[in-house]
Amino acid sequence: MTLVEPARRGARSIFLRRPFFTLALLVAVGYVLAAIFAPLVAPYDPVAQDFNAMMQAPSGAHLMGTDSYGQDILSRVIFGARYALIIGFFAVAIGAIGGLIVGLAAGLSGGWVEWALMRLIDSILALPSLILAVAFIAILGQGVDKVVIAVGLSMIGPFARTVRADVLQVRVQLFVEAAGLMAIPRAVIIWRHILPNVIYPLAVQVTIRISEAILVSSSLSFLGIGVTPPTPDWGLMIAEGRAFVSFAAWMSAMPGFALALLLIALSIVGDGIREEFDPKLKGKA
Amino acid sequence: MTALLNIQSLTVDRGPARILDRVTLEVGQGETVALVGESGAGKSTIATAIMRLLGEAQTSGQITLDGAGDLLALRERDMVGLRGRRLSMIFQDAGAALNPSYTVGRQLISAVRRNLGLDKTAARARAIELMTQVGINDPEARLTAYPHQLSGGMQQRVMVAIALAADPDLLLADEPTSALDVTIQAQIVRLILAQTKARGAACIFVLHDLALASQACDRIVVLYAGQVVESGPARDVLENARHPYTRQLKSCVLEIGTRDLIAPEGTVPSHRDMPRGCRFATRCPRVQDRCWAEAPPLEGGAHSFACWNPE
Amino acid sequence: MIRQAFGKVGQTLVVLFIVSFASFGLLKLAPGDPIQIMLGSEYSPEAYAALSAQLGLDQPFLTQYLDWAKNFVQGDWGTSYVARTDIFTYGFLEALPVTLTLASFSLAFAILIGVPLGVLSAVKKDTIFDAGAAVFALTGTAFPSFLLGILLIWFFGVKLGLFPVMGYVSPWQDFWGGIYHMILPALTLSTYFIAMITRLTRATLIEVLAQPYIAAARARGEPGWRVIWVHGVRNIALPLVTILGLQLGTLLQGTVLTETVFNLPGIGQMLTSAVLGREYGVVQAGVMMTATLFIVVNLLVDLSYPFLDPRLRDRK
């Protein structure tokens, strides 16, 4: 018995009503496919260095050119999609689960515990996610797994805030109060009545925040404190190309545009999903 | 004597919906005309169309203001020059019609300065004078108040002061009392009438109360679904209503505390299923076959009505 | 109103306390024993104990925290071995002004460009211009700033040779030189905010322009530009300031990236090199400064509400 249900607006499918959304979704799906089948699609080994083909401009042999180690940029961009999506997905998963726990605790506890948890969430939110991730990286060190954990932890704050807001909304619903009166165990109330109403908006949040996680993780790599070379990470590739921007602009530009296109596509998809499914926006259109 | 305002065949469409349909209306110098009808009849649209503040709606027909020509054909710049000077408007909800971010003094004084071309000191003096005229006690202190700090009646008095600042020729009062307590409504109506009479200004009063309209105004125009169905001298229309809709309105009383009439039975047809003939046919107790087929014209001189089977 | 303000200040202090506690904890969590690092590979247990006592590391956790907090407030932030200076001078006196300069330039850009763009977009709703602004707003909010920075360097710096591509000149010492060096970085950082402000201004202004007081202002003969700028824009100040306060974090994290792209010696560069050099004291200082800035600005935003909307002044 969930309170929130997807807005049903006539029989016309979302794909016809929102052409940009559909296009963006196709682009995002394309990235996912490229990531999954990277070894099949990529023309070269992403970490194979070829010192006879260093810093070549885009050509028939190397569609996006090569970098300063002679690595094929197209192959690295394709494998980069793997890292971007994996990091983005797992980081958001950590953030969402952590946020769910903290948010549920804050929303259900009440009294001074709730107050203290809220101030804790406030404190986490006082630091932008990148700065927080930098702090965690400082403790954890570098590497793909560390980036996932650091970015994931840094996202707990915003997730916790929305979960708590949803819990409060459900909590005041009469049926939860009634269930409480009937002396049903607390865990059952949470499981049956509160979780279903919280999970749904949380899922919407997750799709929206994947792009944020990808941006923060590639930012870390760009700063040189995230993923370590020679991993084909877009942020890292952009940073490597930065020094050569005056005569080999493609080194930064190619992975850069791959990242930008994915982020723009994900943001359109996220906007569409939010406008379509977020109960708070329902009816505003 | 030429009429102050002459509306010919005014039609307003908003998307697929026809909000006003060939409305014809005349207002003499200093005359007070009441527009009466249910909500959605198009009363407010007429007032807004005269001010040319309808926004995205499509408008056709003519609105001729004596000395200014067809308002619908004017350039926006010339229209801006008429607003506040020759044409003024008072709105339904004064609380919403005053900008919450500025003091009432600032809004009143800027209107006085703009429309009378006075300097700051003179405008302030004139503003205080105007506030006294509309019955606001301690006007100097009220000038520094923000709208939300005043009562609804007080807010509407400020709006009246702003509207009358430049002695306009025509005042449009769009249900100026509908957001107010019943006890204050009569006061505000009397105030508006007294102030317009004192200035020799004409007034179009959008009302939903037929009885009040007949007491307060020289002439009554009854609207139904965007059309004029009956129009004539106030007493005549009230005592000798010819259109069945006017009769129904007469027998209805204003429900205490709401804005709308306890409407006659049934509802106004939506623009999608508007009858081809008389628009009132769906609710008319005296409906005949002809009513469904053919729309009745508005006929009858001083007291005119649009009905095939008048009472 | 005054009581409310006190409540807000109190809450802020609590949040600051938690942040400082967490920052301190960060230092403790950091891998490596600071005494071992300081003493090198060979040391006697006596020397270890002596240094430990000297640094107060043999004290209980809470005592250590209080000591640290006292020192922090007094501006004694420890020493950076990489920068060979004390962290307060390095972080607060040298890096923070750079970051603040960049942030305020970008904010000024964002408001001066974003608000008019949003206003035009709202007024010319559903025209080509509006559609163009919408595309820009969408792209601008999703485009990674560090990539934009590199593209701007490539185009304006390398291809056209119009602007310097690196380095920082303080506008407090050389005003025009500072601005000249700040244009590309500020443009890089502000693009996201221009786009965001454009979106927000458009949406809120469309709502405001539908209000009766706008029609009333026009009805009393106010010309179109006055209606929009005096009566319309004044009433979007509140949502605008709120969002800007909340987005300050995004602005600060943007400065970290922009500083790296343009080689500006701000907090961002300080943080990055501190992470690479494992200087936890410096990381801690950066975190504290960022958080404090965010918290204080949002407190100011909260306290500014009554000035932005007179209706909030009389609320009990």
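Residue numbering begins at 1 within each chain, and the chains themselves are lettered A, B and C in the order written.
Here is the rule we use: a residue touches a chain if its C-beta (ideal position, glycine included) is under 8 Å from a C-beta of that chain, and two chains touch if they have at least 3 such contacts.
Since we're looking at a predicted model, the values are computed, not measured.
With every chain reduced to the mean of its CA atoms, the largest distance from chain A is reached by B. Chains joined by the most contact pairs: A-C. Among the chains present, the centre nearest to the common Cα mean is that of C.
The mean-CA centres of chain B and chain C are about 52 angstrom from one another, to the nearest whole unit. If you average the Cα atoms of chain A and of chain B, the two centres end up 56 Å apart.
Put simply, the C-alpha centre of chain A and that of chain C have 22 angstrom between them. Taken residue by residue, chain B touches two or more other chains at no position, since every residue touches fewer. Interface residues of chain C, counted against chain A in their complex, comprise 11, 14-15, 18-19, 22, 26, 29-31, 138-139, 141-144, 146-147, 150-151, 153-154, 158, 249-250, 252-253, 256-257, 260-261, 268, 271-272, 274-276, 278, 280, 283, 286-287, 290-291, 294-295.
Within the complex, the chain B residues that touch chain C are 48, 51, 53, 76, 80-85, 88-89, 91-93, 96-102, 110-111, 114-115, 146, 148-149, 159, 162-163, 165. Across the complex, chain B is touched by residues 211-213, 215-224, 231, 234-235, 309-311, 313-314 of chain C.
Chain A makes touch with chain C in their complex at residues 119-120, 122-123, 125-131, 134-135, 137-139, 141, 211, 215, 218-219, 222-225, 235, 238, 241-242, 245-246, 249, 252-253, 256-257, 259-260, 263-264, 266-268, 271.
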